[in-house]
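Next come two complexes, and both contain chain A; in the first it sits with chain B, in the second with chain C.
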Partner chain A sequence: MFSFAVFLESFWPLFWAARYTLLISVLGIGLGLVIGTLICAARLSPYPPLRRFAAIWVSFLRGVPLLVQLLVFYYTLPVIGLDVPPMVAAVVTVGICASAYISEIWRGAIAALPKGQTEAAVAIGMNPRDVWTRVILPQAVTLSLPALINELILLVKASSLVSVVGILELTRASQAQAATTFRPLEVYIAAACIYLLINLCLAALGRYLEHRTAA
Partner chain B sequence: MEWSILQQYGPSLLKGFGNTVLCWALGTVFGMALGLVIALIQRYAPRWVTWIVQAYIEVIRGTPFLVQLFVLYYGGPLVGLRLDALPAGLLGLTIYGSPYFAEIFRSGFRAVPLGQIEAARAIGMSELNIVRRILLPLGLVSALPALVNFSIILTKETVILSIITVPELLYQVQRMSAETFRYLEANLVLALFFWGLVEAISRVGHRMEARITKHLIERT
Partner chain C sequence: MLAASSVEIRKVNKYYGDFQALKDIDLSILPGKVTCLIGPSGSGKSTLLRCINFLEEYDSGEVRIDGQLIGYDAPGKRMPGRKLREMRRSIGMVFQQFNLWPHMTARENVAEGLIRVRGMSKSEAERRAAEALAKVGLADKMANHPSRLSGGQQQRVAIARAIAMEPKLMLFDEPTSALDPELVGEVLNVMKTLAGEGMTMVVVTHEMGFAAHVADQVVFMEKGELVGVDSPDRILHHPEDARIQSFLRTYHERNSF
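Let's turn to the complex of A and B:
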């Protein structure tokens, strides 16, 4: 039966291991933001080859399961002679995967801006760079904040998959814990509780931001 | 990649693909069914029941699918729930999908104009008939795009079942590459395969969607 003592005993060590889960997710979304912004810029650029490249990038990364992407990346690195720490490889894969979703979030936010804004900016004689940095981007960023928090929640959950390539984050730590204590039920439920805790906090943050930007 | 390998492992890959499709199809159907029940409970059950259901939705949506599978497959036997990998995977997929489907149905129901339901009530339709003749037909149409979208997402989740040894496509590919040492090629081909599959499904899905929702688009 479910033993509460075992649950509590495994909770704190796992809670400590969750810092890697957070690290991977936050670095992943950071990298995703950088690449995603570039991809979005390519998608909206006037050059067809760039646009096509961005479209393929997004379609591939959204069409292939993250687990398969991780495996491909994991087995490609040694072949092309790159010897990077597994943690770096995991963050890069997660970030690349996130970039596809983030570029679509940007695109959606930019498309949601009233067209009059750009027209007005052009009408008063702003140059294209100022139109982007002073009119479009500031509004698009505030508009897409809730969606980005949502993406971060998805990444926290997706980061459980990097356990498969041997990175010691929350899921991997709970596997090890379950193997030594022979109590998988309590250990995995403890892990689930920690994930839930993280995500509920993030969701609350998202609601707060949404509330603030809606005003 | 040498073709003889594909010949040798063809049957097991085919079987793996069959299992992937099976898991996806049944997981989607059962998940949708459970999601529909949850959405209807949310709408009609007393307050305290909806709280319990809401907690279920939050827990399932807030935890990774992989951890849910571990609880079910490795933790289940401790409370007497002993399942083989495939049924456990199916059950896991159903549970995982249900809250997402429930939210989709809920917003679909919300899109049904209140006047329609009031009119049905005014002419004396029973609540059951209102659900069957007004709420479901109208709500499902507006929920369709999101349903198609989430079903596509579920195809990608099926590969996670390989971690609890469900013999689906990724599991078979892993076994093949472990025996032939061709990890990169095998995984690359698998990635391309999934890309094609997801693209194809979404094309078909969107065409279907366009057909069913044709009457919603204003003619110009």
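Let's turn to the complex of A and C:
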């Protein structure tokens, strides 16, 4: 029934296709970190319009499925005259979607810091920039690492959705291979193993980073 | 000690919504003297202390450090951040919960302000930090993170962090209240040494022994009001006000066995 030879045979081509999965996830979280940090800063800013914008950004992107966001983004751009390669569209959409979650992760971590941490810095006359870069952010990063790694793992799995805009990432590649070999069982088990392998590596990376940053 | 600050508090009021936390407070703190603020919890002692470095914004009245108004340029007109930071540089503060930065070692905690606020080089700041830590008896704990220190040691690092900045005034907000009883003494000893060097100190405390032996004046507060200001002996041993007598009676009952 289950042929180990077929499993191995499909493993390597799929492993190669997984480079897109990894690329989209890593670039997506990178972009998400940049945008998410800005959104979080807007959310915590003293200016009400900025705070409102950030709140709308977060609730909109969390409220619409990534699949729908991808389709909207991919099919809207040509309408407004922008010809964007699928890969770029995928990374940007995944990044924007992740930014909503990441900004909330930051906000939660910052809110969890005792008020006294800031007060101690303010009391010796530290300026606001140093209070943020020396006292708040280093601790917020440590506090939010588990949640950020969690988000990255979710993105790796969610990246299978970008197949709808025609990118031959791991899930799409395994569908194609299952169709040509007529061996869906072996092919999909191989794909599952690759996803698992990637995410176990990411979890290990997370544990390493947590261990390193723990005081 | 090179110089010690004086503090003048005039008609200070502070509201939290409808609740009045401080009512027309008048108080003079003389340079080089130790003032202890005592009274029941919720009486406004900590709020008053925090108004002195403007960590708490008072709504009306004046707080002057060496004659200079803190927090406001003129009544109702906030002082620019830069000017406020300038004033805070010479006011040290020690908190009930220590508030050490957990991601830094003891030495880094002390050196941080010297580097960021005083603009010292890293090596100079570390040398100064080592001196300050030696002064509070923690020369051998410099490389430890706060999580590896006892409560008393953490509070002594916090004191070192404040004195390394060479303040002219030190504020202590219940510095021993979060400590196990056996660790209180080591912190009070460091504070006594500072007082002996002529530092101006304002201390919110429940340690009546410290107030009796170290303070030059004791202030009793209740319900946002300043009830009495006098020598430790007059306030703690011969109080005339019924509210002070009642507070001390409760204190003695709780501490006798």
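The definition used in the following text is that the second predicted complex is superposed on the first by the 210 of 215 C-alpha atoms of A that agree within 3 Å, B and C clash if a C-alpha of one lies under 4 Å from a C-alpha of the other, contacts with A are read in each partner's own complex, and residues count from 1 in each chain.
Just so it is clear, a contact is a pair of C-beta atoms (placed from the backbone, for glycine too) under 8 Å apart; a residue touches a chain by one contact, two chains touch by 3 or more.
Everything numeric in this text was worked out from a predicted model, so none of it was measured.
Participant: Please indicate which partner A:Val164 is in contact with in the superposed arrangement: first for chain B, second for chain C, both, or neither.
Facilitator: First partner only.
Participant: Determine, for the superposed model, which of the two partners chain B and chain C contacts more residues of chain A.
Facilitator: Looking at chain B versus chain C, the one contacting more residues of chain A is B.
Participant: I'd like to check the shared interface: which positions of chain A are touched by both chain B and chain C across the two complexes?
Facilitator: Overlap of chain B and chain C footprints on chain A: empty.
Participant: In their complex, what parts of chain A are in touch with chain C?
Facilitator: The contact residues of chain A facing chain C are 114, 116-117, 119-128, 130, 134-135, 138-139, 142, 213, 215.
Participant: Note which residues of chain B are touching chain A in the complex, please.
Facilitator: 58-59, 61-68, 70-71, 74-76, 78-79, 156-157, 159-160, 162-163, 170, 183-184, 187-188, 190-191, 194-199
Participant: Which positions of chain A touch chain B when the two form their complex?
Facilitator: 1-2, 59-60, 62-69, 71-72, 75-76, 79, 153, 156-161, 163-164, 171, 174-175, 178, 183-186, 188-189, 191-192, 195-196, 199-200, 203
Participant: Which of the residues in chain C end up touching chain A in this complex?
Facilitator: Contacts found on chain C: 53, 55, 81-82, 85-89, 91-93, 95, 97, 99-103, 112-113, 116-117, 145-147, 158, 161-162, 165.
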